[in-house]
Amino acid sequence: MPEKIIESCSVTRLDILNEKGEADQALMPSLTDDHLRELYEMFILARTFDHRALNLQREGRIGTYAPILGQEASQIGTAYALDKTDWIFPSFRENGVLVARGYPLYMILQYWGGDERGIKVPDHLNIFTISIPVGTHVLHAVGSAMAAKYRGEKTVSMVYFGDGGTSEGDFHEGMNFAGTFKLPVVFICQNNQWAISVPRERQTASKTLAQKAVAYGFEGIQVDGNDILAVYSAAKAAVEKARRGEGPTLIECFTYRMTDHTTADDASRYRTKEQVAAWEAKDPLLRFRLFMEQRGLLTEAFQKEVDAVTKQKVDEAEKMAESAAHADPSDMITYTYASLTPRQTKQMRDF
Amino acid sequence: MPEKIIESCSVTRLDILNEKGEADQALMPSLTDDHLRELYEMFILARTFDHRALNLQREGRIGTYAPILGQEASQIGTAYALDKTDWIFPSFRENGVLVARGYPLYMILQYWGGDERGIKVPDHLNIFTISIPVGTHVLHAVGSAMAAKYRGEKTVSMVYFGDGGTSEGDFHEGMNFAGTFKLPVVFICQNNQWAISVPRERQTASKTLAQKAVAYGFEGIQVDGNDILAVYSAAKAAVEKARRGEGPTLIECFTYRMTDHTTADDASRYRTKEQVAAWEAKDPLLRFRLFMEQRGLLTEAFQKEVDAVTKQKVDEAEKMAESAAHADPSDMITYTYASLTPRQTKQMRDF
Amino acid sequence: MAKLNMVQAINLALKEEMQRDKDVIILGEDVGRDGGVFRVTEGLLDVFGAERVIDTPLAESGIVGVSIGMAARGLKPVAEIQFMGFIYPALDQISSHAARLRSRSRGRYTCPLVVRTPYGAGIKAPEHHSESTEALFCHMPGIKVVLPSTPYTAKGLLISAIRDPDPVVFLESARLYRLIKEEVPEGEYTIPLGKARLAQEGKDVTVISWGAMLHRCLQAAAGFSADVIDLMTLNPFDEETIYSSVKKTGRVVIVHEAPKTCGLGAEISASIAEEAMLFLKGPITRVTAYDAVLPLPKLEDYYMPTVERIKKGIEEVLKY
Amino acid sequence: MAKLNMVQAINLALKEEMQRDKDVIILGEDVGRDGGVFRVTEGLLDVFGAERVIDTPLAESGIVGVSIGMAARGLKPVAEIQFMGFIYPALDQISSHAARLRSRSRGRYTCPLVVRTPYGAGIKAPEHHSESTEALFCHMPGIKVVLPSTPYTAKGLLISAIRDPDPVVFLESARLYRLIKEEVPEGEYTIPLGKARLAQEGKDVTVISWGAMLHRCLQAAAGFSADVIDLMTLNPFDEETIYSSVKKTGRVVIVHEAPKTCGLGAEISASIAEEAMLFLKGPITRVTAYDAVLPLPKLEDYYMPTVERIKKGIEEVLKY
C-alpha cells in the first residue's frame, strides 16, 4: 500500500497558424475558400465596428465601451463553429461574436448608448442578453444546456468569459454542473492576460486556465487565441463533441487585450509599452491577412469590396442608432413584470 | 506548431495501515508510543462522545446533531498534525477535531443543545466558530492565513469541509486566493461519499476530489481517511510545507459517513445496507485497534483506563451541560454589536 | 376530500403541475431520492424520473443560475433551496438576473421560475435554519414573493406561482409544514397572486400578518373584533384590501417574525401612512422580532412575537 | 486647508488610518497599481506596499470572506467592492458571517471590517453600475450602514467606520465623487456613527435624505423653511434627530433613489408613525425611484427623484 498515482491529466495547446501566416497543414480545419473569405469579412467588420464604437464613445455619442481589439480571432473563430440553432451567452466584451452572428450593428450601438432596446435580441438569433456581472452567465449557459438535453434538442450552448471570470464562484458552480450532468456546453475563456489592471498571474496560480477543467472531470484545452484557424478548429471539435452528447469542454483562448479595458480605463497605468508592443506583433489580423494572401484569397478587389461593404454597414449602423426615437420613459416600468402591479400603475401616471 | 502538451499533473493516494492493522514501515510517520496512545485515547473519546450525543438527541435533551462515526481517523489525524498556535476552521461535523484539540465537551453539548454559550470558544483555543453554511468558512481560513502571513507569524490555518462543500463557489474562491497568494493553509476535505442523500459521483464528475487543486496551481493528495497514520502523515507534511512558506495543500480524506447525515435524516432512504456494511469492515477504529495490539500498546490495563477516563469525561460533560443555568434572553440582543443601539436599548426593556 | 398538511398540499401542487405541463422541472439539493429534507418532493422522482426531479450538486447560486437559463429557454423550473438561510449565495442570481431578464431584454427573455424555500423559526434548528428575510426580496422589482399560511392556500398559490410568467420566491413556513391539516381538494384550483385574504373579520382593529405568525395573530385576536389579514403575496402586496380594512377600523397592528428594522412591516406601515393616514385613530404598531441576530433554539421563543406580545399590541392601538 | 472632493477625502482618510494603524489593510479588485477604478485608493500602494494594498482575484464573496477571516484575527480590513451592483455575491458572507460573528461567539470573535463600495445612479454607466440597495443591508442586525454626502463628512465617517469594532458597509456616491469640493482638514477627526446632521434648518417641513439625493433635497428645499436631515448613518439611524425635527415641523418628506417598496424610506416613515404620529399634520411622503429595475442611462434621469419631484412632495405635505 505505498503512495501511488491514482489520476493523471494533461493540458494540450493547439497552434495552427504562425506569425508569418503559415498554417500547419496536418492540423488545418476543413474550411473552404468561401468560408475563409467569410471569416475575413467578419474579422474586418468586427474590427472596423469596434474602432467606430470607440470613436463614438470619445465623441460622447455612446457611453462606456469595452473594445475587443486583439480578440477578434478568439471571438469569430469560436462563434463560427456553431450552428444557427445553437445558443450563445456573451459577456460585455463580445462584439466580435455578435458581429459574427449577424446581430444588428445599430442595436449594439444603441445598447452601449444606454438604451435597452438595443439588447432586445431579435427573435431569430439565439443569443442571450449581454451579461455584465462577471461569471454569472456561465450558469445561464449551463441551464440552457440542461434545457436542451431535457428536450432532446441537439443544440449546443457556448458561453464567453475572461481570465478574471474564472475566479468567480459562479464559474466554478457552472463548470461543476456541466461536468456532473455531462451537458452540451462549450466554455470559452478568452484569456486576454488582464482583468482590468490585474495580470493573469495574479488572478490564479494555475499554469494554464485550461487545466481548471481537471477539477470538473472534463477536458480543457488551450489554443492560440490570435490564430483564427486554431480557435475555429478547437471550437468545432468541442461543439461536435457536445452535440454527440459527450459533454462539455473548456477552451482557453490565449490572447491579449490590445487596448484599454474600457473607455473608462487607462491601461498605461498598469502595464508596459513593451508588453503591448510584443503582443501587437502577434495581432491576429496580421497573421490571418498573411495567410489569406499566401493562399491567394486576398485580392485587391476582394479587399476593396470588403472595405466598402464594411464601411457601409458601419455607417448605416451609426445612422440608425442615432436616428432612433428616444425611448418612452414609461418603458422602464412596463417591462418589470408581464403586467403592471397596482402600485406601478399608479406610478405610471407620472408619464 | 503541432498540438502539444503544456502541463501535466497527477494525484497521489497515500495508504499506510491496511485493514489488518499492518503498517507500511517505509511510510510510517514518526510517532512515539506515547503519541500513539494519545491518539488512541482521543479516538475513543471522540467516538464515545459522539455516541452519547446521539443518545441525548434521541432523548430530546439536545437538538439536531451531526454524528462523526467513521470519520474519527480523518479528524483526529489531521488535527493532531497542528501546533496549539495553529488555527482550525471547523464545519458542523468536526467533533473529532474539537475533542482532539481539547474543546470543553460540555460546551459542545451546550451548542448542539441550542445555546450560543457553547460556541463562545475558550480564549486559549485557536478554533473558529462552527460554520453551518457549507463552504463559506473556507474563506475565513484563507483570510486567517493572510493575516498570519501579513504579520509574519508561522501559524497554519486548517479548514474542514465535505465532498459536498467542494461544489460551492466559496470553496473555489478560497482555494484560488490560497494558491494565488501562496498562503499557509491546509484544506481538509472529508470525502465521506455523501452530501446528505447525494452520492459523491453526482456531486462532481472529477475522478478524485484531490485533483481539484490542479485548478489552483497547488498540490492535492488523497489519503485513506480511515487510516489514522496515513491521515496524520499527509497532514503533517502539508502543515510543515505551509509553515515553511511553500503554500497550501488540499487533502482529500477518503472515508465514509457510517450513519445518518444528522439525527433529522434517515440514510436508509437513499443508500444500501450493502454499501454501509462494506464500509463497516473498513471502520477506522478496527484497524487502529489491531495496529495498537500488534504493537503491544493496547494492554488490557490501558484499555480499561481509557474506558474509565472517557466515561468520566463524557458523564461530566453531560452533567455540566444539563446543569448550566438558562441563558439570559437579553443575551440575544446584547452581542449584536459592541454596544447597544438606541433602538435595541428600547427593545431590551422587554426583558 | 383529503385533509392534508402543508407538505402534502405542496407536494400535490407540484405533482399536478408536473402532470399537466412537462416543462415543469424540479431541482435542488436532495429533492430526488430523498424527497427533500422536509419530504416536500417525496415520491416525485418515482413518478417523473431523474430528468424532471434533479438532485443537484451543493451550490445554491448554481441551482438558481441554471434555473434562470432553463427558464429563459422556456422551461418552468421549480428550484428548491434547502433552507432560507442558504439562499443568500443565490441572491445575486435572483436580483441581478431573474428579476431583470424581462426588463433588460425588453421582453425577449423572461424568467418563469419559482424558488421554493422553507423559512422561519420555531423548529429548534441549528443556526441559519430559521431565517425570515422576506423583506430583502420585496425590495427587488421584478421578483414576486409569496408566503402561504395554510395547506389550502399553499396549493393554490404554488400553482399560480408556477404558472406565473415571472420569477417568484415562494416561502414555506417550516414550522407550519406539519402543524395544520385542512381539506385540500385534488385537481386544479388557483389562488391569484397579489391578493390578500381576510382570515377573520371584525371592526375595531386591522391585524396584518403572513405565514406562521398569522396563526399567532388569530389566537391573539380571538377576543377582539379584528380584521386579520393574511397577506399571502408579499410583493406586490394587496394594498386595496389593507386600506379598505384600515379605513374601516382606523387601527393597525402588523406582525412579523423578522427583525423590526426594514422588515416588510415598515413598508406596509409607510404605505398606510401615505394612503390612509387620515383614517387612523392612533399610531400604527409593529410587533416583530428584535433587531438582533436570530438566536439558537434556547432563546428563539423569546425572539419571535408571542401571542402575548401581539395581544398587547392590539390592546395598545385600541386605546386610541 | 485644502479643498478636496470626495475621492480625495476618502483617500486621505484611508492613508491617515493606515499610517496610524498597521492593522488597517486594503483589498479588492484593482485597488493596487490601478488605484481603484475611481482612483479612491490611488497612491496607497506606493506608500504602503502590496502587502497592505492587495489586488485580489475577481471574486466578491472571496474578498469579503477572507476579510472576515482577517478581521476575526485582529486586522482591520477595508475591502472594496468595485460597484454596489457586484456586492450581491458577497451578501451571504456579509449577512451570514460578518453580521453574526460577535453574536454567534458571544463576543469571542468580532468583525471590525469595512466594506466600501460606490453606489448610485446618475453616472451614465452600464447595467449594474448604479445600484442603491442600502435597505437590504439595513435589515441585517449586526451590520452598520454609513453613507456620506460630502467630502468632509466622508472622511470623518470613514475613520469612524474603520475604528468601529463591528462590520460597516460604507456606501460612496459615485455621482458625488468628483462633484463637490470642500475644505477637508488633514489629520484626525471623526464623525460619530449613528448621528445625523442638519444640513439646513427650518420649521415647516422635515426633509430626510442621504448621499446624492441630499443635494437635490437642498435644492428643492431652498425656497422653503425646511429642516433637511442628512442621515449619514443609515443603520442604526438617528431616530432622535428625526423625531425632534418632526415634532417641530409636523410634516415629513423622505427622499431616496432606491425603489420605493421596502426602501429605507419605509422604515423611517414607519418609525415616525410609531413615535411621533400625534405630531403629524398630514401624511408622510416618500419621493423615491419607481418600483422598477434601474434603467440604462437613457432613462435613468426619469427614474431617480428630480428636484421637481421633491419640490412637489414638499408642496404636498405643506398643504396640511
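Some points to look at:
Letters are used for the chains, namely A, B, C and D, taken in the order the chains are written, and counting of residues starts over at 1 for each.
One rule holds for everything that comes next: a contact is a pair of C-beta atoms (placed from the backbone, for glycine too) under 8 Å apart; a residue touches a chain by one contact, two chains touch by 3 or more.
As the structure is a computational prediction, the values presented were derived from the model and not from experiment.
With contact taken as defined at the outset, chain A and chain C are each touched by B, D. Once the centre of each chain is set as its mean CA position, chain B and chain C turn out to be 36 Å apart. Between chain A and chain B the centroid-to-centroid distance comes to 43 Å (mean Cα coordinates, whole Å). Separating the CA-averaged centres of chain B and chain D is a span of 40 Å. Between chain C and chain D, the centres computed from C-alpha atoms are 30 Å apart. In chain C, the residues that touch at least two other chains are 57, 59, 61-62, 85, 89, 92, 96, 103-104, 127-128, 141-142, 236, 261, 290-293, 295.
Looking at chain A, residues 116, 133, 167-170, 173, 176, 180, 202-204, 331-332, 335-336, 341, 343-344 sit in touch with two or more other chains. If you draw each protein chain as a dot and join the dots that touch, every dot ends up joined to every other dot. Across the interface of their complex, chain D is touched by residues 61, 85, 88-89, 91-92, 95-96, 99-100, 103-104, 127-128, 133, 135-136, 138-139, 141-142, 235-236, 258-259, 261-267, 269-271, 273-275, 277-278, 280, 282-286, 290-293, 295 of chain C.
Put simply, chain B touches chain C in their complex at residues 63-64, 92, 111-116, 132-135, 164-165, 167-170, 195-198, 202-204, 264-265, 269-270, 326-327, 329, 331-333, 335-336, 341, 343-344, 347, 350-351.
Of all residues in chain D, only 25, 51-52, 56-57, 59, 61-62, 64-75, 77, 89, 92-93, 96-97, 101-110, 141-142, 144, 164-166, 194, 236, 239-240 touch chain B in the complex they form. By the touch rule above, chain D contacts chain A in their complex via residues 29-30, 32-35, 37, 55-62, 85-86, 89, 124-129, 260-261, 290-293, 295-300, 302-303, 309.
For chain B in complex with chain D, the residues that touch the partner chain are 87, 116-117, 119-121, 123, 128-129, 131, 133, 136-148, 150, 157, 169-170, 173-174, 176-177, 180, 331-332, 335-338, 341-344.
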